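Here come two complexes built around chain A, the first alongside chain B, the second alongside chain C.
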Partner chain A sequence: MSCTLGEVKNRADFIIYWGGNPAECHPRHFTRYTLTQKGKFLPRGRKDRTMVLVDIRETMSAKAADIFLQVRPGKDFEMLTILRALVKNQKVRAEAAAETGLTLEQLQDLVNRMKAAKFGVLFFGMGLSMTRGKHMNSAAALTLAAELNAFTKFVAMPMRGHGNVTGADVVMRYTLSYPFGINMSRGYPRFNPGEYSTVDLLVRGDTDATIVIGADPGATMPKPAIEHLKRTPTIVLDPKVTHTSKLSRVHFTTAATGISAPGTAYRMDEVPLPLRPALKSPYLTDEEVLKRIITALQKKPAWQPAVKGGEQIA
Partner chain B sequence: MLRITGGKVYDPKNGVRGEIRDVCIAGGKIVSDVPPHARTIDASGMIVFPGGVDVHTHVAGAALNFARGLIPEQHRKSRPIFHTPQCRAGLAGSTPTTFATGYVYAGMGWTTANEAAVPILSAKHTHEELADTPIIDKCCCVLMANNEIILDLLETAEFERAKQVAAWQVWAAKAYGVKAVNPGGVAGWKWGKDCKGLNEPVPGYKNVTPRSIIKALADIIDQLALPHPLHIHCNNLGAPGNYTTTLETMKALEGNRAHMAHLQYHSYGGDDWFTMKSASVPIAEYFNAHPNLTCDAGAVLFGDTVTITADGPWQHLLYELTGRKWGNLDVENETGCGVVPYVYKEKNLVNAIQWAVGLELLLLITDPWRVCLTTDHPNGATFWRYPEIVRLLMDREFRKEQLKHIPEKVLSRIVLPDLDREYTLSEIAIITSAGPARTLGLAQKGHLGIGADADVAVFNERKDAMEMFSYPRFVIKSGQLIIEEGELRNSIEGSQFASKPTYDSAIEDYLRPLFSQHYTMSFENYPVTEECVHGLNVHQCGSCTQPG
Partner chain C sequence: MLTLTLKTALTVPLEAEVLSPDVLAPLAHDAIRALPVMLGKRQHRLDEHFDITGDGSEEIEVRGDLTKVKWIGRAMTRGRLRVVGNAGMHLGAYMKGGAIEVTGNVTDWLGGEMSGGTIHVRGNAGGQLGSAYRGGMSGMSGGQILVEGTAGIEIGMRMKRGLIAIRGPVRDFAGLQMKGGTIVLMSGAEQRTGAWMVRGTIISLKPLKLMPTFASACSYNPSFLGVYAKHLAAHGFALPPASEGGYRRHVGDASVPGKGEILVWHPHAAT
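After this line comes the complex of A and B, so read on.
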């Protein structure tokens, strides 16, 4: 139930942002893709679109919204469930609605608008996907959008973080089947977020060494994880010296991708964009540094017993 | 250099049907002879086939990768590919990872694959995946039948310009062929609608109908002299009674070349899910009489899989039927796609009919050169289950055995129990290699004549065809020994075929402004550059004078 951002630009006459603050976190989102752009089927741009913001507090984004719905903190899942019930014309008690901090009339009005839209889109941010209920909330948001397709066209899309997070996710999936939280210690990919995710491994102290590429866990991760990064050999590849660099054993300054190194970035809708560097860098690219590390490692004896090549394949 | 000696050679293109003769290889090609010091493989008791060619599969791209993310619970049960000095790690299963895809295809003797559905907007991504798919050679088809720039031009009857745009798009995507998926229906889906018949206007248009799209694209492709004809996924996929739409589509294509993709999904009779029955007989009858057409089976096997198609509306229907997970991904101005995990069950009436229809078409179509073995991987079944289908085709007793497992009331709705035909090994070599190579227009593939690419599979000759074709003893790709004594010993990079039709570069001046209006990517970033495509092998079409 998703689409590329151009579909939103050309068609979306009804836009919901839920648990995100695009005005401040994704400033170009409004102007480039969603709100103000004139679309193929929305020639008047902003005037042809309705925007609803659902959040626990009135952020800068609320100013851009036609309707702001302030949900009580931690009640996103309840609100989504009520909306799903209303979409199916099921009875909902006014008291149940009130628990979300909104009235039944407000929720019914939202459902009426969603059904009346020609092309609706629900963007959900970290406020929905990373708070109480996490996966349940995201799943409920996706299900709501899926169920609305019995009435009209409706899509949902997560608002992902900064940098090329999407790109890493995409490449992990096509090489190893899973987006993140992958354990290769048995020689093939295994997936268990919560067990194999980076933060969990570091907090538990399961790793012997860490390579950090284009991220700064030293600034964002919980204290036990940072302590473990300090305790064990940590290698950082980054165009600048980060918090993590300061606690690492080795820091490689690398060329900045997109500025002085070529590459591919993926937008949040997984559309790939070629990056063409405008500048030359005296530093190696991340790729070149990693290749040299791999070459050096290959000269060392293998730590695991060799598996015969042909056995595993049909 | 290599000599394969003592094996029974099946090379249908060159009229060789199981004769014991030598196959010699040098410089990546089949040659007439090699010096005595060349390595010799004793293939006594074995059969020698040209490497398999898959005319329609989904092994790379945004849609497939979207599916990978949707089914972690299936990956857990998948066959692991261990990291070794020859192999990168990965998982097989219903959506094999890129490296696994190359190993597993080669591991069953298949050496070329056509990725059947590429949107231009994410073609760069598809090529990144294909570059990471080792051993096999690849090509792909770009999606066009719902491209709004093309449809807008057909609305205003600007055929010549549409042709220029199409030619530009083929090269921009570094595609080899053109695929039409549910013509007009996916564009309609963007408004939550679909196109059921060929003659109703496409939602949002006055003059454009599925019929006019099909005809225009087939004409464009024939006039551009692309090596592969229009690759068409008809309207109404999967729906009971859809065979009439399929017949109409084939009729609309009279006078053109066309490849009917996964015909199984388009050959159903009945009025609804309760009265659904096989319509393979009328489809095969029409098809047999019309040599301008080729097809692939899109056969179904029972078991777990995931369905992925650019046909968004069909996927929504499947989601409503199964109530299971559903993923949909519409691509601006170009196409859509849907992903639904699916289990084909023996005891399910609809699934049993689908299983029968795939086999019926393979048995009823008389000319093996015009029907290719596919499962529309992973839609009908994963490609690594092809040997199961080969056995079903070669062994009617085995078929009878399998028919006992499906519900009895299905038997009166299918014709499979009445079909006694058994495929010969020569015919298997045609539907798995020689035929698809010819359909794709890849003259150097699918045969063992002098000058052909040295892609060869050697199998132990056995009575059980499934066992025989599951585990080749030797596989040679581009003259390199990849599988030896049943083990993967070597991994190489494959090449990629793209077509370059002639177009007037002034068409870019027409496209540029349209682009900034309708797309969210800059025009310069849209085409895939040649450097992005690993092992690019360009087919210059027709009377092209532009430099490659």
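After this line comes the complex of A and C, so read on.
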């Protein structure tokens, strides 16, 4: 369940940031969309909104928050699960709740506020989705938001990291029907995170070549994945020389989208924004490089299936 | 008996769902050699990757390090499949009957969404054992999975029926969103066991770190466990006798809210 940031600006009277530090990592988020703006239904702006920050340490964003809840590291999933139970008026023992680093009263107060809100938003960051539990932590945040819709309007939205992550997800979704972790080896898309997701494929060493477009796995991925990128042919398309370029066989310098190449970026709420180039670049765009690679590949003889007239796979 | 031996180590995964008694049993030697397998995007003949001896049979033995061979025994309904060595992902997925035995280790999605039959792994297993596939509403709905070694995360995710027994320790989220069936953990689990479970039973012989949304109910010796103990003992998984202690019953997960139970063994204090 999601919405656009325009709706957040005009309607959201209750905002939770979970596992993120927007004051430093998304500096314009408060002022443009969530906190200080006056909205159509929130004429007094900041005074009409309540902001809760859930994080493992008191960051810069805590200053902007009305309520700061310091959760014990690695207890986000437990805290979200307790909140789900409290939303449904289930009993939770106070001493069990205390393991999250918060008291049952604090959690009950948060639930009461969430239920009483007219329009609630839960923004969750990488402090939630990239710590132990990973996708299940995100699933817990999304399920909590979905279940709160039995009482009020509530949405959840991930705070994305560097680069146009949302754009990659959206385009993959409308072309291949899944956002990531897709295998096309049989000619149709198959989706299985954990099996086909990039980091897992590289760590297990299941690929024999890699093409990296506008990403830098060489700087972020675990060591076995980087070792595999070094071992096998890797091609990089990037406006600058990255860590991955250094371990790749081929690096294409491409024009920077939005600066010297046109394109479309997707905002974190999946609103497409056209980009116009301000400068000219001597380099080709990513699209042009890929098109030329495809054309060159089409000139090569196609591989033939080894079994002719053999039994087809059911 | 039909024996297949992997010729050379694989660099990319080989998808070989034809390695199942249902496909192989009715075929002659030559027809088996010509069966299609997928190496990456390329379709190959089975005999390009395996040395094959014997004609089609309900008794199949596959030898070699098959870590990168996926979908062995997919949707099999009968026969016996023995893997001498390691096996890859999705071993015995959608399986309906028959038996699979693995002498080595297996990886993720062992017995995914299976509905019958037995899988016995002598080594370690990966994650998502007996689980639902992504987007699937229910995981294994029957049959049993026995693992002598350890297992990974999310075992028995959304499982509906059937039995999973793991001798070694398992990692996080065992019995996640479980709807029924039984998981026996002989050496306990890391954390978040039984998270979001609706129904079903998780039995642990070691103390567990439970979710805060579980409530302690009572200490007792459930009578149904005697039947289970007898069944498990036949496969070498011995539950301790009732005279030596009892089980503490925890009910949850309150967040769903669910009525699943986690039974944690606690022996009587030594006198």
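The working rule: the second predicted complex is superposed on the first by the 303 of 314 C-alpha atoms of A that agree within 3 Å, B and C clash if a C-alpha of one lies under 4 Å from a C-alpha of the other, contacts with A are read in each partner's own complex, and residues count from 1 in each chain.
Keep in mind that, in the parts below, a residue touches a chain if its C-beta (ideal position, glycine included) is under 8 Å from a C-beta of that chain, and two chains touch if they have at least 3 such contacts.
Note that the structure is a prediction, hence the values are computed from the model and not measured.
Chemist: Does chain A have more residues touched by chain B or by chain C?
Modeler: It is B that touches the greater number of chain A residues.
Chemist: Just checking: does A:Thr100 make contact with chain B only, chain C only, both, or neither of them? Give me first, second, both or neither.
Modeler: Second partner only, chain C.
Chemist: Looking at the overlay, what does A:Val155 touch: chain B (first), chain C (second), both, or neither?
Modeler: First partner only.
Chemist: In the superposed arrangement, which partner chain does A:Cys25 touch: chain B (first), chain C (second), both, or neither?
Modeler: The answer is neither, since A:Cys25 touches no partner chain.
Chemist: Once the structures are superposed on A, label A:Ala146 by its partner contacts, choosing first (chain B), second (chain C), both or neither.
Modeler: first
Chemist: Just chain B (first), just chain C (second), both, or neither: which does A:Phe191 touch?
Modeler: both
Chemist: Look at A:Ile56 in the shared chain and tell me whether it touches chain B only, chain C only, both, or neither; answer first, second, both or neither.
Modeler: Touch partners of A:Ile56: none, neither chain B nor chain C.
Chemist: I'd like to know which partner A:Leu273 touches here: chain B for first, chain C for second, both or neither.
Modeler: Only chain B is touched by A:Leu273; chain C is not.
Chemist: Have a look at where A:Thr207 lands relative to chain B and chain C in the superposition and call it first, second, both or neither.
Modeler: In the superposition, A:Thr207 touches chain C alone.
Chemist: So which positions on chain A get touched by both chain B and chain C?
Modeler: Overlap of chain B and chain C footprints on chain A: residues 184, 186-187, 191, 306-307, 310-313.
Chemist: Using the touch definition from the top, list the residues of chain A that touch chain B in their complex.
Modeler: These residues of chain A touch chain B: 1-7, 9-11, 32-33, 40, 118-119, 146, 149-150, 152-153, 155, 169-170, 173-179, 184, 186-189, 191, 264, 266, 270-274, 306-314.
Chemist: If you look only at chain B, which of its residues touch chain A in the complex?
Modeler: Touching chain A from chain B are residues 60, 62, 65-66, 68-69, 72, 75-76, 78-93, 95, 97-100, 103-104, 107-108, 121-122, 124-125, 128-129, 132, 148, 189-192, 316, 319-320, 326-333, 336, 384, 470-471, 483-489, 517-521, 525, 529, 532.
Chemist: Could you list, by residue number, the parts of chain A that touch chain C in their complex?
Modeler: Residues 77-78, 81-82, 84-85, 88, 90-93, 96-97, 99-100, 132-133, 136, 184-187, 191-195, 205-208, 303, 305-307, 310-313 of chain A touch chain C in their complex.
Chemist: Please give the residue numbers of chain C that touch chain A in the complex, ascending.
Modeler: 11-13, 15, 17-18, 31, 34-36, 38, 40-45, 48, 68, 89, 108-109, 127-128, 133-135, 172-173, 176, 192, 195-196, 211-215, 253-257
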